[in-house]
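Have a look at the structure below before the remarks.
Note that the chains are named A, B, C and D in the order they appear, and that numbering of residues resets to 1 at the start of each chain.
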Amino acid sequence: MIIVRFFAMLKGIAKAETKEYVVNGPITVAELKAMLKKDFPGLAPALDGRSVLISVNQEFASKDSVVKDGDEVGLLPPFSGG
Amino acid sequence: MIIVRFFAMLKGIAKAETKEYVVNGPITVAELKAMLKKDFPGLAPALDGRSVLISVNQEFASKDSVVKDGDEVGLLPPFSGG
Amino acid sequence: MGLNMPTKKKTIDASALVRIQKENFSIEEMVSLVKSTSKGIGAVVVFLGAGRDVSKGETITMLDFEHYPGMAEKKLRGIRERAIANFNIIEMAMVHRFGPIEIGENIVLIVAASAHRNDAFMACEWAITELKRITPIWKREMTAKGDVWVSETP
Amino acid sequence: MGLNMPTKKKTIDASALVRIQKENFSIEEMVSLVKSTSKGIGAVVVFLGAGRDVSKGETITMLDFEHYPGMAEKKLRGIRERAIANFNIIEMAMVHRFGPIEIGENIVLIVAASAHRNDAFMACEWAITELKRITPIWKREMTAKGDVWVSETP
């Protein structure tokens, strides 16, 4: 199972804090994004733009990064801490 | 009367904290320095060098500044606060 | 008589020096903790971020911070480690709060300590800039027009 | 609804904000005092100078500060006024101690507060540099070799 965490305004758009996916094998971040856009059409603009970063197991990831069973993925809108 | 205040190492050299002079009229800082050098020969190198600043009534002064009865003069070695 | 001997540094657990917490922090306590690591500290520079009442012309009534638990702490620990490796500082502490924060309340604290002041100023300024850049923390501002997630970091 | 209205500033007597004193100061208290002047404060930068155990390779056992009473306070007040006039800061506080100071103890505190952090960093750094340059305060270091008045400000 892959757990996807939504943060800040993305949580509001998805109307969920997390989403879980059961996968048969490793997939890429790009493939996961496609699944998310299907399940949460409202997230499409954010996922297609450049401002939302993706983390895999709490490290920044790229679209080619591999996600596998047991991984935690974060959808991170622009930060505004400090 | 003019009161001259010595600070930090100058106090040690002069072996005094203050020195008072009775003046008949206004004098310049340069003239006051000459009087001080006569009374405190040990202060001569400090007074002739550029590192000791002079204040008159708690404002920085130059050698041409006027000192008159009732004024307070400070002999200020290089600062090391902070 | 100890000529040119580098002053010894006491190691403090990073979990005390890098924290993300709901409750307020004590500036005095964090500065003391950092100072306790070495008698060679001559300069401490502190950055404190507080909740302002106005942002981009809008009156703010309250703030709310969300963070990615685990990842946010990890990023702050990394910033502290890079600050110590890349600047001539002796120690650094970082605390960021989450949850609701009133106007005027403390949000974030960075403490940088060094022998000489220039190093602490540079490291502190770098650390707060880096915190804003890479730490998964999000601010929501409550205004008269409603709540807004802040998406631009100035 | 207060759009673009400048946040009001509360005036605090300069004698509370600029002090030369023998006793230690509370960082928390000085920061709170500065923060209390305006709800528009979003950034506070603090410089704290402390007694180091080593100076130019010599082990220091203790420090002693002398100041020119009256003139030193006047110079600090002038620095605060120029900082507020020349930098985009809301308020500044400055405290310097005199008399004997142990290693590790606080010596000097500068607190600069602004809406945005860059202004507070610049003003704080300028103020401590200016303090060292023009304030009649002198440091004596007690070392194994004897007592020395420090005559160079690095």
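Everything that follows uses one rule, which is that contacts are C-beta pairs under 8 Å (C-beta built on N, C-alpha and C of every residue); 3 or more make two chains touch, one makes a residue touch a chain.
Given the structure is predicted, the values throughout are model-derived calculations rather than measurements.
Undergrad: Provide the labels of all chains in contact with chain A and in contact with chain C.
TA: Of all the chains present, none is in contact with both chain A and chain C.
Undergrad: Note the connected groups of chains, using the touch definition above, after excluding chain C.
TA: No chain C: A | B, D.
Undergrad: Using mean CA coordinates as chain centres, what's the chain A-chain D distance in Å?
TA: Computed from C-alpha means, the inter-chain centre distance equals 47 Å.
Undergrad: Between chain C and chain D, what distance separates the C-alpha centroids? Give it in angstrom.
TA: Roughly 21 Å separates the two chain centres.
Undergrad: What whole-number Å value describes the gap between the mean CA coordinates of chain A and chain B?
TA: 74
Undergrad: Tell me, which residues of chain C touch at least two other chains?
TA: As it turns out, chain C has residues touching two or more other chains at 49, 128.
Undergrad: By the touch rule stated above, which residues of chain B touch at least two different other chains?
TA: Residues of chain B never touch two or more of the other chains.
Undergrad: Spell out all pairs of chains that touch, sorted by label.
TA: Final set of chain pairs in contact is A-C, B-D, C-D.
Undergrad: Which of the residues in chain D end up touching chain C in this complex?
TA: Per the stated touch rule, the residues are 1-5, 7, 26-28, 31, 35, 39-54, 57-59, 103-104, 115-117, 121, 124-125, 128, 144, 154.
Undergrad: In the complex of these two chains, what residues of chain B are touching chain D?
TA: 5, 7-9, 12, 51, 55, 58, 60, 74, 76-82
Undergrad: Quick check on the complex: what are the chain C residues that touch chain A?
TA: The contact residues of chain C facing chain A are 49, 65-68, 70-72, 74, 96, 107-108, 128, 131-140, 149-153.
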